Each structure stands twice: as C-alpha cells, then as structure tokens.
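Two complexes, one shared chain (chain A), two partners (chain B, chain C).
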Partner chain A sequence: MEILKTAMAGTLESSDAQVTVEPGTDGIELTLESSVMHQYGKQIRAVVLETMERLGVENAKVTIFDKGALDCTLKARVECAVYRSNGITENLPWGGVIK
Partner chain B sequence: MINAVGRDIPEEVLKATGKEVFKGAYAYDDHEYTKAAPKVHAVCDPKRSKVVESIHEALVKCGIKDGMTLSFHHHFREGDYVVNMVMEEVHKMGIKDITICASSLGKANDPIVPYIEDGTITGIESSGVRGKIGEAISTGRLKKLAIMRSHGGRVRAVESGETHIDIAFIGAPTCDDYGNMRANGGKSDCGVLSYAVVDAEYADKVVAVTDCLVPFPNIPASISMIHVDYVCVVDAIGDPKKIASGAAKPTTDVRKIMMADYCTQFVINTPYFKEGFSYQTGVGGASIASTISLGKIMEERGIHMGLGLGGITTPMCNLLAKGLVNKLVDTQDFDMGAIESIKSNPNHIEISASEYANPFNKGAYVNKLDFVILASLEVDVNFNCNVVVGSDGMITGAQGGHPDTAAGAKCTIVIAPLLQGRIPAICTNVTTVTTPGETVDVVITDYGIAINPRRQDLIECMKDVDLPFCTIEELRDKAYAIVGEPDPVQFDDRVVGVIEARDGTIIDVVRKIKDFEF
Partner chain C sequence: MSHPNKKRLRRSMMFLNCQKPGLIKDPYIYKPDSIMLDLEDAVAENQKDAARYSLYHALQEIDYHGVERVVRINGLDTPHWKEDIRVCVAGGADTIRIAKTESAQDVKTVEEHVLAAEKEFGRPEGSTLLMAALESCKGVLNAYEICRASDRLIGIALSGGDYTKDLQTTITGTGVELMGARQHMIMAARAAGVQCWDTVFTNLDDMEGFEKETQMIKLMGFDGKSLVNPRQIAIVHKIFTPAEKEIIFAEKVVREIDDKKAKGIGVFTVDGKMIDIAFYDGAKRTLAMAKAAGVYKGDL
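Right, the complex of A and B next:
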C-alpha cells in the first residue's frame, strides 16, 4: 500500500497512541515520543515497522505520540491510519493483512 | 562493592560519603554510638525578646553563612510556604552552598529549583522529592549527592551527628512569643509537628515561623520554648486547602476494592489478627479501602486494635471514634478528619519521628507493629521495593516510613496493581532498591498474591485459605506476557543520589538519567 494522504488514528489518552501517517519518499521515517520510551521504545519501533511491512507500506512519515499503549493497540492504530490514508473504511481485510 | 540486596555501590561513592554498604535490615542491632549535641546560646535574661521582624532578621541573627545546613519539616505537605520563603531570602542575601535537610520536599517546593541551578542550594537531604526538584536531581543539576532517608533514618542521621543542622526553621500553626509551638488552633493547622522534634533538639539555632502568634503559654506544646532561639511572625506559613484535603471518598475502583478485600482476607487469616493487634496503613485508595473492610470484620468479631500507627487518615479516626481502636499514635495527618480527631479525641496522640521509627533509639513504635499495609512503585522477584525512583528513572517519590515500618512489622503487606498503564509493578529488578525484600512478606496484586518464601510460617497458615496465591515469578511473568519485558532505563555513569538504608548504610544509588537512544 501507499500513503496517499495524511491520516490519523488514535488518541492521547493514557494507554493509547496517536498515530499520524504522511506520504514519504525515503522509506519509513518514524518520529516517536512515548511516556515509556526507556522501557519500551525499541519494542514500539519494532511493532510499528513490522506492521508497516505487513501492510506493504514502503515509504511514509510516521509520527507517534505514545501514552503507554500495548502492542495490540499500536498495531490497530497504525493499521487504521494507513487505511484511512487510502480512503478505505469498509471491507477491511480482517485476518489477512490486518492481523 | 555489592551490598546485601545485590546492588553494586561504586567505590567513589563510598569514599565520598564515608558510608558502608547495606549489610542487612538488622545488621546494626545493639550498635553503640555517642549522640551528637548542638551548640546552644543560653537565654537567661528575662528582658530579652525572641521575636524577630522578618525571615531576613532571623537569618542574620542566626549567623547565616555559606555552606550551612538548614532544616525544614513537611507537615504542610503540598501547601507548604516555609521552605520557599526562607530560601528566597537566603538567595536574596547572596548566600551560597546551602544544604537543605528536610523531612520531605514536594511539588509545593518547585520554586526553589532556580536556587539549585545558581548554586544557592548544593545539597539536598530528604525522605524524597517530587516534581521539578526530582527532575533537577535526576538530570544532574544538584552539585552534591542527594541523600534520601526514611523518616526513622533521618532522625538517626541527625542524632548520630552524621548530619548537623545549623539552623532549623519550624513552621508552627500556633506559637507564643517564647517559642512554644502547637500544630493546632491557628489558620494553617497540620495536626502534629512530629518530624520537627529532632530538628528542635539537635539544631544549633531554631527559628519558629508562625502565622498565628498566641498568648503565652501555648501549651501543651508539640515543641517547647526551651529549644527555640527566635520567633518570626509571617503572613502565611501554608495554604490550608493544600495542607489537608477533605476526607477522600472511599474508592469506587473495583480493582482497588478487590485488592483491599484480598488484603483483609489475608490479615484476618494470620495469627496476628487478635484482640489488641497493631496496624498501620498508607494513604492509597486500596490501603484506605482495606482499613474500611477490616473495620467491618473487627466490629463483627468484637476484635479491637490496640495500636493504630502512622500517617493518619479519616477511616482510622472513624475506627477510633467507634471504639474499635484503643490508641491512635500519630506522626502526620493526611486529611481534615485526622486533624479534627487529634484536636478532640484524647486517645489520638502525637509522637515524635524518633518514637515512630528511629532504628538507633532504644525501641520505636514500628517495632511493635503486627501489620503494615504499604504501596510500591515497583517490587522485584526478590521482594525488594522501590518507592523513590519512577520506572522512567526520574526521582519522583519518597521513602517516608516505608523501610521503617517494613523492618518493624511482623507482617508487611505491599499492595500494588500488577500494571500501571504499560508499566509492570512486579519486575525482575527494581529500578532502585529502597526497601529490602527480606522485610517484605506479602505482595497483593489484582492478578494474584505472592508470599515471600522466607515466610514459610505465613505460607503454612494460608494453606486452606481461598485466595489466588502464586509465586512472585508467576506475577512477573503474567505482567510481562501482557505488556512485554521492559528494557532497563538508560542511565549515565554519574551518581546523583544515594538511597540510605535506615541504619545509614547505602542500599542503592540513583544515577543521572540519559536521553533515550535507540
């Protein structure tokens, strides 16, 4: 998938993450701020990159404000932002690319 | 050098402080030492007045100079004005290199941070710090090593001469012109002045700071005129609304209520729960809920608490008022109900911090505790607790009486929700050890209860009790299965603070926090 337009998902509530994706040209450029950066920064980065790869996104600017979200939440917010950037809000491929 | 809780204390820290590494919670039993004594100035001329016009005049008369140690108490909690008021004047006078020796410092004292940066304050000794002072220490802006002591440990440090207080500033809700201080009857009542007693007895100079001058004699006094050099009247010593909150509404958080119920069930199934038992609890939602649920069972079974100890909240006072507690013994009041109770109930009694928890006197109240119910930011698989440094490495809490009561009580129970957001409370290694695991008997979480294997007697008496028991490792594994295993915080090599055990040895150090790097 490509990132066609800027899209967001998630909130700044505790245990959530706000994910913004924008079109990019130079691979996945991740900007991450997290309330649990020291303990989970590396894991968050790994989960985000793995999710982008699964969705087939090769170029994007990704900005995340994480408030201690679990991996499952992070994945869901990234997936949602990517689909919104493609204008897809129905007939999502559950169990396929979205795991 | 590796200490008794497995922490490596750098040689240079041992050298710089002259301290030894922690050797175990009771290693200093029967320790012999000579107490320090202050240098005092006699007041025998009855014509001499103790009243000074301003903090400035008090500082001048006390001979303030660079390098001195000033002390403060924290009974005004988040409403305290005294520390800021005195330090602002010290700063204006251009004095440098001051060490603050406080019973605790909170967010109310954030305004002193600029004085840390400009070298007015270069040392901090406290039970703990919160807010911006914690950030300043953790980011390496305080010149000297910060020293964190328990309430009992602070008294020991002062009485043994390890810390010498040059000038003590004691905020007093009421005071007469000769320095008799009381905690009640003024406009900034705080209930007790327990933590300030050792300051009054061991500081060279003692200044009473009050916003309510009352006729002589202001008795019975919490702190007597015999220790006081000067009396300074100011407009306000604190913000009454922040000194004590109204009684906290009992929690409606089902997770906390469940942990409180686990705690009560545990308590009543131990052999210590019998007529005349003694008990202390913290001020967290689950602790307060457990006091309330325990009270119901005491009433049903006709069992009375002989001694209720500690920082006092309204639910404990309610048990006293109902006749379910014989004596409530008090070092700090957390809400209006507690302050009202000590004013009116003759069985609610003020004690000094030494009587409460000093490990180097001839026996403190904590040694007589059957139960203490505590909280903790982190507990590791060796039952070590951390109540001072946040999981992000920033200093953000206080030892308070945590290590004192844990060491004293027959049954020390720590209640902690397994997860706080993504942060697991039960972990392989705590960020910083503040209370040694050998003194912690039970950890209660919302996912299960672990008894310290050192306490086979407690494991035995819970054999047929229907509670979700498991091992502490199982609790950690459950937490990590949900949130993932946390990476350790990235610290700089520089040590910025020392966590002192009750006996003055070093149980752990706090290092400067580093910017995160992938």
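Right, the complex of A and C next:
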C-alpha cells in the first residue's frame, strides 16, 4: 500500500498516540517521541514497523507522539492513519492485514 | 438451540467511548457485568473510522476477564452501521446493541448483516447476540414485535434522552416522563421472554437520586441499568443482588413447596407467610440470580 497523502490519527491524551504518515521515498523514516521512551522505545518502534510491513507500506515518513499507548492502540492508530491516507473507510480487511 | 449466554446476569452495562483508548483498556477492574463499547453518539462523526480500529484491537487483544463485551453500533439511518457490524463480528464482540431500533424489521436487517459477517470472518453462525435500544415513541410502541424479531435478541434497553426528546418533554429526575415507556417495555420483554434494561442516570452529583431510581426500576421488574460511570456499579449490584435473608427465604419456599406437593398439600405457611405454587418461580428466580451473582452456592 502507498501513502498517497498526509494523514493523521490519534490524540495526545494519556494512553493514546498521535500518528502522522506522509508520502516518502526512502523506506520507513520513523520519528518517535514517547513519554515512556526509556522503557518502551524499542518495543514501540518494533510494533510500528511490523504494522507498516503488514500493511505493505514500503515508503513513508511516520511521526509518532506516544503518550503511553498500549501495543493494540499503536497498531490501531497506525492502521487508521495509513487507510486515511488512501481515503479508505469501508470494507476493511479485519482479521486480514488488520490484525 | 438458544445461545448459552442469552440470559446471563446483566445488572450493570457500562458505556465506554471507543474513541478513548484510556477508557477501553481496563474497565474490567470495576467488575461490571457488561461493558458497552460505544461507536455511536460518544464518537465524533470524523472519528468513526478511528474508533473501529481501536475497537477491533481491543476485542482481539484485551482480556476483559469474562465481562460481556457489548458494542453499540451506529443507527440504520447513518452510513456507518454496516462497517460497524463487520468490525464487531470480526473482532468477536459478544453482543451488538442496535441504536434507535424502531421495528422488528430493523432487528432483522441487522441480523442479516451479522450472519453475512459471521460467514465472511469464519465465526460460528449465531454466535453474535443482539440487543435493541428503544429511543423513540415508535420504538417503544413496537417493543413486543422487536423483542420477538430474532432468536439472537437478548433484550431491549430504554434510551431516555432521545425518547423524551421524541415525546417532547425532558428528563425531570422524577421519572414521570419515563413511566409509560418503562412499564410498556418491561411488559413486552417479559411477554417475549427476553431481558430489559433501564436508561442511564447522568447526574453524577446525585448518587442518592441514582440509588432511588435504581430501586424503583428493580421493583418494576428490570434486569439492570445502563451506566455512565464506574461509581454507579456497586449501587446497582447491591440493589440487584438478593440479600442473604431473601436467599434463605427463597430456599425455604422451594424446599417446602417440593415437600408439600409430594404430600398433597397446596397451601401452607413459611415464616408466617402464606405460600402456594404461585411463589415457586419467583423463589427459583431469586436463587438463580443469587447464584449468578456468586452469593449462593446451594444446590437449588
């Protein structure tokens, strides 16, 4: 899947993460700020990169402000931003690449 | 065969906004009987998609410790409900709450799409239960046909805010404006053999008023209440769980009726009160509710 336009999902509230995806040309360029960077920075990066791979996104600029989101919330916000960038809101592949 | 969870204990059904990850990550700690993960009114119109992703992963990855996971979907008059049903079924929601139900056909329409989604996502057919929220005069007047519309339907819930708007009045706190709907709905539900839940009480500064209203709806016959705050759970559970003396009395009634029936005696007294066969089902129901609430370990 390509990132067709800049899209955002999530908030800066506690337990949430704000994810922005933009078109890119040089793989996944991830910028991460997290309130729990010291403890969970590696884990958050891994979850985001795995999610992008699962969605088949090869090139994108991804910016994340994490406020202590669980893995399930990170995945939800990344998926939402990616599908928003493609303008897709229906007939989503629940249980397929979204899992 | 009827679904094994169709008549489970549902004293407390707590609303949670799917748009807020902080709310849906651990509500089981408050021990409600059911949570209602909301895709409808609590979610802003431009965040309906985001709420669905959060819902899907919450259903798939969070252990709610046996708390029933109900999802309130958007009304059939919106562009959202079909995708709502797909994500509910794919995620494995226990029950779908249909907003703004007005007729049996509304339930049947949702049922058709749920069945299609169960086939699409490989979930057992019939595994997703339904409940209907009645939010208009038309919906309340059609309560009985709604209750009988589907074998998946576990019951009906009053949505007082929208209903009073349709009735052209307001919530007063006295209950007078909801009296007719409450009475009608509980009769319809009982006649159809399904459950019935009362509307939310939104004034969190008036816990005394909340307790009084909960006592009243318990006496009217409701199975429980929709809630907006964890502080309301303990009060509802206290009122809807049989007290020890009620359990002891119910046990005596059941044992005495069984014993006297064998001896050919129809009417007698228990603790000074006249008892006959008409008391049997009520006593059995008290014991079943006590057992489901975990306060009765007996064998009746």
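Convention: the second predicted complex is superposed on the first by the 99 of 99 C-alpha atoms of A that agree within 3 Å, B and C clash if a C-alpha of one lies under 4 Å from a C-alpha of the other, contacts with A are read in each partner's own complex, and residues count from 1 in each chain.
In this text, contacts are C-beta pairs under 8 Å (C-beta built on N, C-alpha and C of every residue); 3 or more make two chains touch, one makes a residue touch a chain.
This is a predicted model, so every value here is computed, not measured.
**Student:** Given the touch rule stated above, what does A:80 touch, chain B (first), chain C (second), both, or neither?
**Tutor:** It touches chain C, and chain B stays clear.
**Student:** Of the two partners chain B and chain C, indicate the one touching more residues belonging to chain A.
**Tutor:** Greater contact footprint in residues on chain A: C.
**Student:** Touching A:38, do we find chain B (first), chain C (second), both, or neither?
**Tutor:** first
**Student:** May I ask you to decide whether A:12 touches chain B, chain C, both, or neither, giving the answer as first, second, both or neither?
**Tutor:** A:12 contacts neither chain B nor chain C.
**Student:** Answer with first, second, both or neither: which of chain B and chain C does A:98 touch in the superposed model?
**Tutor:** In the superposition, A:98 contacts chain C only.
**Student:** Based on the superposed arrangement, let me know which partner A:89 touches: chain B (first), chain C (second), both, or neither?
**Tutor:** In the superposition, A:89 touches chain C alone.
**Student:** Touch test for A:71: chain B only (first), chain C only (second), both, or neither?
**Tutor:** Touch status of A:71: both partners.
**Student:** If you lay the two complexes on top of each other, which residues of chain A touch chain B in one and chain C in the other?
**Tutor:** 14-15, 69-71
**Student:** Give every residue of chain A touching chain C within the complex, in rising order.
**Tutor:** 9-10, 13-16, 69-73, 75-77, 79-80, 83-84, 89-92, 94-95, 98-99
**Student:** Residue numbers of chain B touching chain A in their complex, please.
**Tutor:** 391-393, 421-423, 482-484, 486-490, 516, 518
**Student:** Which stretch or stretches of chain A touch chain B in the complex?
**Tutor:** These residues of chain A touch chain B: 14-15, 35-43, 45, 67-71.
**Student:** Show which residues of chain C lie in contact with chain A when the two form their complex.
**Tutor:** 20-22, 25, 48-50, 52-54, 56-58, 60-62, 82-83, 86-87, 90-91, 121
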